[in-house]
Structure formats: structure tokens, C-alpha cells
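Shared chain: chain A. Partners: chain B in the first complex, chain C in the second.
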Partner chain A sequence: MTVFSTKPPGTSPSAVTSSTARPKTRARRPNRLFRNLSAKIASIPMVLTAVVIFLGGTVWTVVYSFTNSKLLPRLTFVGFDQYERLWATPRWLVSIQNLATYGILSLIFSLVIGFLLAALMDQKIRFEDTFRTIFLYPFALSFIVTGLVWQWILNPEFGVQSVVRSLGWTSFTFDPLYNEDIVIYGILIAALWQGTGLVMCLMLAGLRGIDEDIWKAARVDGIPMWRTYLFIIIPMMRPVFVTTLVIIASGIVRIYDLVVAQTSGGPGIASDVPAKYVYDYMFFAQNLGQGFAASTMMLLAVAIVIVPWAYLEFGGRKRG
Partner chain B sequence: MNIRAVAALLAASVVLPVGSTQATDLEVTHWWTSGGEAAAVAELAKAFDATGNHWVDGAIAGSGGTARPIMISRITGGDPMGATQFNHGRQAEELVNEGLMRDFTELAAKEKWAEKIRPASLLKSCTFEGKIYCVPLNIHSWQWLWLSNDAYKKAGVPVPKNWDEYVAAAPALEKVGILPMAMGGQPWQANNAFSVLVITVGGKDIYQKVYGDKDEKAAAGPEMAKVFKAADDARRMSKGTNVQDWNQATNLVITGKAGGQIMGDWAQGEFQLAGKKAGVDYTCLPGLGVTDVLTTGGDAIYFPVLKDKEKSKAQEALASTLLDPKTQVAFNLKKGSLPVRGDVDLQAANDCMRKGLDILAKGNVMTSTDQLISQDTQKQMEDLMSQFFASSSMTVETAQKRFAGIIASAD
Partner chain C sequence: MDKSPILTVVQPAAVDRLRAGPQGKRPRPAISGRNVMLYGALGLAALYYLLPLYVMVVTSLKGMPEIRLGNIFSPPMEITFEPWVKAWAEACTGLNCDGLSRGFWNSVKIMVPSVILSIAIASVNGYALANWRFKGADLFFTILIVGAFIPYQVMIYPLVIVLRELGIYGTLSGLILVHSIFGMPILTLLFRNYFVSLPEELFKAARIDGAGFWQIYFRIMLPMSLPIFVVAMILQVTGIWNDFLFGVVFTRPENYPMTVQLNNIVNSVQGVKEYNVNMAATLLSGAVPLIVYFVSGRLFVRGIAAGAVKG
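On to the complex of A and B.
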């Protein structure tokens, strides 16, 4: 097969006629590259950004994670030393544990609560707009503000604990941010408060996309409402769930500012997260190599989650 | 397009500001942002402006931890300021190594810095391969125990005179609902309080062995076990402080809600600001009343290498201004720190400052941990100590074992 024409489509009437004259598969070939040429030219900067900055930066980071770079990057390779040190560091292990706890719980709770709220909103209630605004409002706040607000609410001196105590229960204790065993749940509460509104909205949009006739059919068949939701509606909402999952998951891995605002990783190192470890070792400890090693591990963790998912999602579509 | 015209315009916009003003602008970055600190900086600016140059203030809020990464990335990124603050020690080590900092050996020789600056270790930590790269500005020491006289009056026990009495008096304070020891939640506070315990309870030798020689055996040995026992006491006494910042913790002592706090001499500024009087409202115990010793940390000014000749000249003017006896007195009185020259007179110094000056004059000084260990090691210790102080389950033995591990790999 040979490529005949490099002319973009529509430049001359002859090109169109000549392409229609040929068999379809042959005629399309040269056109594919130049279809929507202006759009492709317009996306070149973003493609360059992705390749040079994202991909290039990632490769650079991985390469330098095998060096003993301190304050400034240096190409003195030390093999897996940085990784050995990383996995022998208690703080890193604590941060991984925290991320796992936080990640799993926040995934489950934000999906469940978000869907429940959306389902309740979908019952044709009055003042739906008002409720929707109230639930979505926290999402308009940054993590820093959210963190500060919840730091005050959970502060035993003037938060929930002192309010309950002033009502008469003097032995009431609720200080998650100052208890190393449960501090991560204190952060989880704030994250859920901030994030479930968005999940609710996404779910609500999904629910609204379900054809009214499906509900009618289910009602005619006498299927109880909860079963309709569980076995008919939720499977139909798969694309919405996938989108929501990606949004929540990306929020989990990069969690940093909420922790900084709420506890700065404390008490001690009990609420530390990987992103904070990376930042601290790159900039405070002036040990770039160690920070790069930690961020490479974060990338690896994301890849382990994303790659099988992408394979299932996109690989499956090609076959079907 | 007329690129030359544009280039000329751009060049003109850079050149013009310098040409139009007689004085040379020199930007100085630092993290002195609290009330007393800002007042002290104003003294420096005044003295520098008097030399016919112009001090451009580049204050960065949020303490050294926030400021240093900004300063470093400006220098390494090719946008150096005229001069910048760092703590004495190894924070700027690699920048010097890379040749990004200016060598001041000639000026130092001309003005005889080596004879004037005391203790000599300050100038030594500015020296790299025989050349001098920074100007020491002041001395801050960590080894102070601040006590609230009110709190002890309320508990009905005399104000402790040393660490052991302080630990022994803790139950009496707890009985009347006073927190025996205030300790903020930031990692550096726990870590530095620990290093204070090493040098006082452990002694100078063990401090030098552990931090100076990085002797792993000493760090795991019985003398350090004694220090960890004291740290365990401190942990018990400080349980329930529930504040983050050091000045909030100091405030607990000022208001009598806490018995005492281990904190550097900058805490004194807070007492002064609250109108408290040394010896009457509060008591200070340098060296925790155990060992008469102070470490000499503090601030130094570094000068990045600049291409601009005028600015380089202004850098020299600033360097000599900083060490001028008048500037030293004006700055340090407001800052609450000690001057780096022994030949200046501090009439206005209060009780606690005089105690500090005495110890300094006797030469009972050690180099600070900032000068002895790298930032990397420092951070690892901070992680360990903040975890130890926050945890109720971590044993003393585990902590010591991990501490020895950090010392073994320290640099």
C-alpha cells in the first residue's frame, strides 16, 4: 500500500472526488493524520507539556532516586540505598499505613454516603436545590480551610469536647487529633465532610440519567425499591461509578494539605502521609535522593492500582 | 519584529532603577517576623541605610523551615538575593560547596574578625576550606528551663533550682491541676529539648561523643540511657499540652497554666512582651540548673555571589555594618540574643541575659547541633523524638535503639 496524497482534506474539490473514487480503506489512510489538523496543532503545546514536563520529570525523578543527591541533584549512583533506607524508616511505614487506612475508608464511605444522599435527593423532595447547595458547599472550600475548621472543631479546649462538657457531661472525651491511635480518623471526618458533596452530585447526575421507564417497569414487576437500586440502577450507573472512583482515588494518593492544616502530621508522626514525607525530606532535610525514592514509591503504588484498572477498562472495550 | 528595540527596552528597564537612585538596593531575606524580631531587623536596616545604601527587606513568614527552601531555590535557581539569613552551621553547606556563596576572607582579614568574634567556633562554622563565607550575627542558646513562679506558689512548693527538683515537684503541680511541663507539638521542639537533656543531664562529654563524633556505642550506652530516662520523665510531665507552636507553649508558662518549659533564650522575648519580670514572675535556669553550659547557635548572614559590581560593593558594606559594635548592641537587645563580640557593653541586659553572658565569658560553650549534624540527620532525629514524645506506648529502650541507629548512619 502506498500513500498517494499528503494534502489535507477539503483543500480542493479534486481531492474529495478522487478519494471517493478509490476504495474506502485506501482513501482514508492519508487523511487520518491530517484530520482536524488545526485541533492537532492546537494540542501540540499540551502534548509537549505532557511529554517533557510530566514524563520527562518522572523519568528524571526516578533516575535521581538512585543517587545520593542531597541539597542539589548530583549523579553519583548508590544503587538501591535510598530505597533500603526508606523501607527501614518507621515514619515511612507509618505514613503508608495511614494512607491505606485513610484510602480504603474514604473510598467506601464517600461512595456509600454520596450514593445514599443522592438516592434520597432523587425522591422528588421539596427544596432539593437548597439541600444540594448545602451538601456541595464544603467542596468550594480548599483543603487548607477545611483542615483549619476541623482542627478547631476537634480541639478539646474549645471544640466538640468542651461544648459537650459544658452541657454537663464532664467526663466526655473526644480529642481525635491529640490521640495517636485515632488521629487518622479525625482527618477522615474532615475529608468526608469536604468530599461527599461532590460524590453526591456526580451520583445524582447518574441517577437523573436513568430512564424513567426503567423505574416504571420495575414498579410494574413489583420489585422493591432497594432491590431496584441495587440490582438495576447501580449496574447501569457503572460509568459514573468509574469516574467517581478515579476522582476519589486521585484525591487519596495526593492527600497532603489537609494533614498539614489539621495536624502537621502530629501528634508525633501519627498522622503522617507519603506526600508529606516526600516534601519534608526534599526540602527540610535537604535530602533529594531520599525524597525522590519516596515519590517513586508513590508513583509505583499508583501504577499498581491504575494499570490493571486501565487494562480492564480500555482493553475490554477494544475487544468488544 | 524589531527584536533589538525590545531587547534595548528590556535592558533599560533593568538598568534604569539602578541609575536613577544613588543608593544601591540590596535585598536581604530572613525569617525574623515576630514583633521583637521585626524591631531588631529595623535596627539593621537603619544602620545599613546610614552607609549610603538601601536595605530592601525580604522577610519570609513561617519560620526557618518554610523560609529556607524558598531561599535555597532562589539561589540555586539563578535569582539570588543580596544577602540572606541562615542559622550557624551546615544549612548552607552545599551552597558554599557549589560556589554559590561569596568568599569574604579578605574583608575578614582586613577587619580582624578572627580576633573580635567569640566564641571562635562561630567563625569556624562560616569557614570552608580555609575561606570565610558568612558573617555571624548573634548567639542563641537552647539550654534554658523557664519556670512560672506563680504555678509553684499555687502548688505550695518552692521553685525548683535544677532538673531533679523540677521532676520531683511535678506531682504537686498535677494535684492542683497545673501541667508540669509545656511542650509544643512541632517536631523540632521535642528534638531540641532532647538535645538539651543530653548536654545537661548527660554532660558535655557524652554530647560531644554523640553529636560531634557520631559515636554509635556511646549513643547506645548506659550514660545515654540516663538521658532517655530523663526524656521519659519529660514525656510524662508534658502529656496533654495540646498546643503546636512554641510561643503558645511559652504562654502556658506565662499564665501559670504550666510549671515550666525547656526552650531557647528567645522565649524570654515572650515573657518581656507580657510584662513579666525575671526572678519575680518567672525563673530561668540556664543548663537546666545541672550543667553550666550553653550551645552557641544563632543566625549568620550569607552573601550569594552576584554579578553586579555595585551590589557586590554594597554586600561588603553590609558585612562590616553587621559586625559594628553599635549595630550588634542595638540588634541583639531587641532580639534578646547575645552579641557575637565580647568587647561590647550590654547595660540594658536583664537577669537572664546576664546569666547567659556570664557562662559565655567563662567559656562554657559547646557548638550547637545545627553545626555538628546535617539537616538530614536532624530531620530523622526530629521524627524519632516527636514520635517518642507523642506516643504512650514507645519504650525508652526502643527509642534509644533507634536513636543509636540514626547516629550510626549520621553525617
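On to the complex of A and C.
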């Protein structure tokens, strides 16, 4: 673009900041602060959000988690008292256990089901759009809707259990939402129904990004299809798997609406999750300190997932 | 091969090919073991995904006596729309018995301004980040993106305080602000990536012609980026409509969005459970995002893919 190499007098040198070409002769340098003034003004909402809400809010919560705030936030520091109390509360332990069970199973199943569906969809099938539409539509629905539908389907009086019993298998029991021991699996079924379509879509995009020649080469070498998938395609899709993993994982920590709609945390506290614990302590139990401590633990859980990923993804290179 | 007579005249090579017999891959039979397995597996999966929708529709069209007798998968013997009417206009939450319609209109009142505001802010942000980078811009952007991964529970209480200080806690405008804030990371990323992908010469040419920040935005960038605006809109409409947590935290009961009201109707402990009304209400709440989804089709996929893969 030789046309642009000589600058007309109308454009000030500072104006074209995004371009790499810097004019050699610099006349009068305008005040740095007022450079790009409109852009700076336009970015005020972003800067405020990033600094005040995201950074400030997080720091605020972490700081107040070391206080004994009850009804109102107060700055009376009590050290790690809130955390000690938190980890001595059975309800918190139940919710952590639930999160772990739900999280691990949901990760495994979403990845496996999502990948299998994507692999099936990638076989140059007919009606691909129809199938995609069917697999993905639950993702458009809210967790509330998802939870309520599955609450109804898993209803032991009218739902799956009663249908199977009416077919003749009278001792059949499947009542996850009313059984403390397996309630979290009931939630898992609903969550998988809602979320696997997204994983399928991401995986399918990844599969489509793989060079056709890889497949041809594998065929020439006589490698069976499942081995090609397992040992060639999946390792090649590592970035897709990693991003999917991060997306699923950050969704898992947040799980809240689904539990509220499907079981309200019940029976008893059997299906409680950290997000619900936080909400209840902040807005019902009027025990803000506990809520802050619990939410800080959630933050820590996310950090454990995100930091290694960010390090691996962006650590080597300078820019993200 | 009905064109072979012509080919004989024009290309002798083609004749050799024809004489050599059929070439290329043997056409696959329509029904093979492989296809049966493939479509069988896909069909089964599709059935599992469709089942809840089917159950919702079927249940919402039955009367309560039929529900108590029959099983949830059987189609209604007598179709009745009464549950729908009741869900829309009569279902009770607490003391109010005016149905989901109140929540629906609240949701509309929340969604429309939130979508407009969040997209306006994020598109300008993305544009500034792509074309007018100033010192420190990338730092704020990084904070914003990292912030997208922070659990909302960490930030809601400080936000409650901020909104209370501004005097809009519990009002619709407060919730609209909250949606704009939390929509910002993903939308800014979406717009930034899109604007970066546009040819830089366009921007430079406009600069040389003397256009400023807003002029370039409104007269060059905006008209060129309609698709990405549609994608952002799909993302926000479904996201805001489906939100529950912010609705329950940041509004008072008279302003509850549809999802919150739906949950209150269905999970209320008093009274007889009317499953058909519940399912009609659930379908009504899911209708808006479902319509958006079915109408937008591939754009929806593009939206979530753009939001997810690059995030």
C-alpha cells in the first residue's frame, strides 16, 4: 500500500495508532492523555466494569471474607474464622461433595457423548442440519426450564418409574430426585441433556478443521477407523478439547439454577451446591461472612482450573 | 453417461475411460450395516433429546384426571388448552394470581433495553480495542476476559452495594445495568475479533479522508458488521431471557422476570400440584429462546461457537 506511505497533512501522526507505520518526522507531540480521546471516553464503561466490578468486586469479597460480617458488611477482621467454620459445616461439605461428583461425571460424560455425537455427525450423513438442530435445541432453554421438565419426567408417581412399572416390572425403582444418595445423578441427567449439544457443536467444528489428507493417509496405511480417531484425530484436537474443558468446567462451578428448579437443594440438603450455599447465606441466613468465604472458595476452585490453562495457552506466547 | 456420444467427438481420452469400465468408488447401497448402525445411533440420540419437549407438549394438553390415570408419554386423549390459559393468566405466585403474563412482560421490559445497551457498549468497546488501541487498553480487556470466568457469586454482593448507592437496586434499570455489565466480556471479545478481521486499509482510508472515531464507527464499521450484530443479539436475547440468578438477586417480586416467576409457580408448596399447568408455563417460558433458536439456525451455532471457541 504505497498510497498510504505519504501522509496527507490533515492526519496527525498520533491518530493512526493501530498501524505499524510511524512517521519519521514528528512535529509537536500532543498531550499523551488526550491522544485518542474519543476512544478513551468510549471505553469508560469497559474500564469501569473491569476495574470496579470485576477487579474491585472480587477483591472486596475476598477482603470481607476475613471479617465477621453478619447482616451488614463490617470491617472487623477475624482471620480465617469464617473458613474454619465453613469447612466444619456439614452442609458445605455436602455441597462440595456434590460438586465434585457432578463435576467429574459431567466432564467425562459431556466430552464422551459430545465427541461420539460429533463423530457420528461427521460421517457425511444426510439430514445433518436436522440432527444438529435436535441435539442443540436444549441449549437454548434455560436451566429453570430444563430442571422443571426433568423434575416432571423423573417424578416417581407419574414419570419414568411409573411407566416402567405399568409395563410389568413392578419392583422397578428410579426416583433420583427423592433419594438422597442418587439425587445428584438426577441433576446430572438433566444437565447432560441441556449441555451436550454445545459440546457436540464444538467438537464437530474441531473435526471439520482437520485436514482431509490425514484421513486419506490413515486409510492408505490401513489403520482402522476407531484407532485413527483415538490415536490421531483426538491428539490433533487437543486445543478444542482444552477450550471445551474450560467452558464445561467454569459452567460446573456455577451450577445453581438447575438445582434450584429441579430439587431446591433437596431432599433435605442432599443436592446442595456451593453456589446455592453462597446465595442462601448472603440473602437468607444473613450471614454475609460465611457467604463471602464460600464464594471465595468458589473463586479458588475456578482459579485452579483457569490458571494452568491460561498458563499453558498463553504462557509461552506474549499475546493472547 | 448419456453425454457419451458428444464426448466421443470431442475427447478421445474419455472414450478410453469409458471402455475401461466403471471407475471410482462403488456407490454405497442405501441400506448397509454401517448406515443402519449410524442412523440408528443418531436416531436414538435424537429421541432422547426430543423426549422432554414431547413430554412437555403432551402433558400441557391433557386434563388433570387424565394425567393422574395415564402415563406421561401417552398422547392426550382429549386435547384441552385450558392449562395454557391458566398458566398465562391465572397461575398464582404468592398473593398475585395473574399468571405468567406478568413475568413475560417483565422479561420483555428487561430484555429489550439490556440487549440494546449491552450491544451498544460492547460494539464500541470492541471497535476501540480493534482500531484505536490506547495504552492500557489491553490490560483492561484482559481483566474483562478473566472476569468472565469469575463465578457470579463472588461479585453479586459488591454489585448490590453499588446499585444501592446509585439508588437503582431492585428496579428494572438496575437489572438492565447488571445484564449489560456481565454481557460485556463475551460481547466485547466477539466484536473485537470481528473488527480486527476487517481489512485495516478501510480504516486507514477513512482516517485519511478525515473521519473521526464516531464517524468511522457509524458510517463504515456499523454497516459492515450487521451479521455480527445479529449473532450478538441472538446470544443476548437467549442469555438474558434465560437468566435466573440476576433476576432473583437484583429485582423485587413485582419485577421478577419470567424464569423466576415460573420457578415460583411450579415449586410453590401450597395447593394442589397442577402438572399440566406447570408444563404449559414451562413451555411458555421456553418459547422465546426456542423461537429465536429455530429461526436463527446456523447463526445461533455461529454465535455460541464464536463465543466459546475463542474464549
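Please note the rule applied: the second predicted complex is superposed on the first by the 270 of 320 C-alpha atoms of A that agree within 3 Å, B and C clash if a C-alpha of one lies under 4 Å from a C-alpha of the other, contacts with A are read in each partner's own complex, and residues count from 1 in each chain.
The rule is short, and it goes like this: a contact is a pair of C-beta atoms (placed from the backbone, for glycine too) under 8 Å apart; a residue touches a chain by one contact, two chains touch by 3 or more.
Remember, predicted model here, so these are calculated numbers, not experimental data.
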Touched partner set for A:P90, first chain B, second chain C, both or neither: first
First, second, both or neither for A:I210, with chain B first and chain C second: neither
Partner chain in contact with A:P267 - chain B first, chain C second, else both or neither: first
Comparison of chain B and chain C by chain A residues contacted: C
Partner chain(s) touched by A:V63 [first = chain B, second = chain C, both, neither]: neither
Chain B versus chain C as contact partner of A:I182, first or second or both or neither: neither
Contacts of A:L72 with chain B and chain C, given as first, second, both or neither: first
Chain B versus chain C as contact partner of A:L107, first or second or both or neither: neither
Touched partner set for A:F283, first chain B, second chain C, both or neither: both
Residues on chain A lying within both footprints (that of chain B and that of chain C): 155, 264, 283
Chain C to chain A touching residues, read off their complex: 38-39, 41-42, 45-46, 48-53, 55-56, 59, 67-68, 71-73, 121, 124-125, 127-135, 137, 140-144, 146-147, 149-159, 161-162, 180-181, 184, 188, 200-201, 203-205, 207-208, 210, 212-214, 238, 241-245, 249, 259, 262-263, 266-267, 275, 278-279, 282, 285-286, 289-290, 292-294, 297-298, 300-301, 304-305, 308-309, 311
Parts of chain B lying in touch with chain A, wherever the complex brings them together: 65, 68-69, 72, 76, 91, 93-95, 98, 185-187, 242, 244, 374-376, 378-380, 383-384, 386-392, 402, 409
Footprint of chain B on chain A - complex, ascending: 70-72, 85, 89-91, 155-157, 175, 178, 180, 264-270, 280-281, 283-287, 290
Touching residues on chain A, where the partner in the complex is chain C: 1, 4, 7-8, 10-11, 15-19, 32, 35-36, 38-40, 42-43, 45-47, 49-58, 60-61, 73, 117, 120-121, 123, 125, 129, 131-146, 148-153, 155, 158-159, 162-163, 166, 193, 197-198, 201-202, 205, 240, 243-244, 246-247, 250, 253-254, 256-257, 260-261, 264, 274-275, 278-279, 282-283, 288, 291-292, 294-296, 298-299, 302, 306, 310, 320
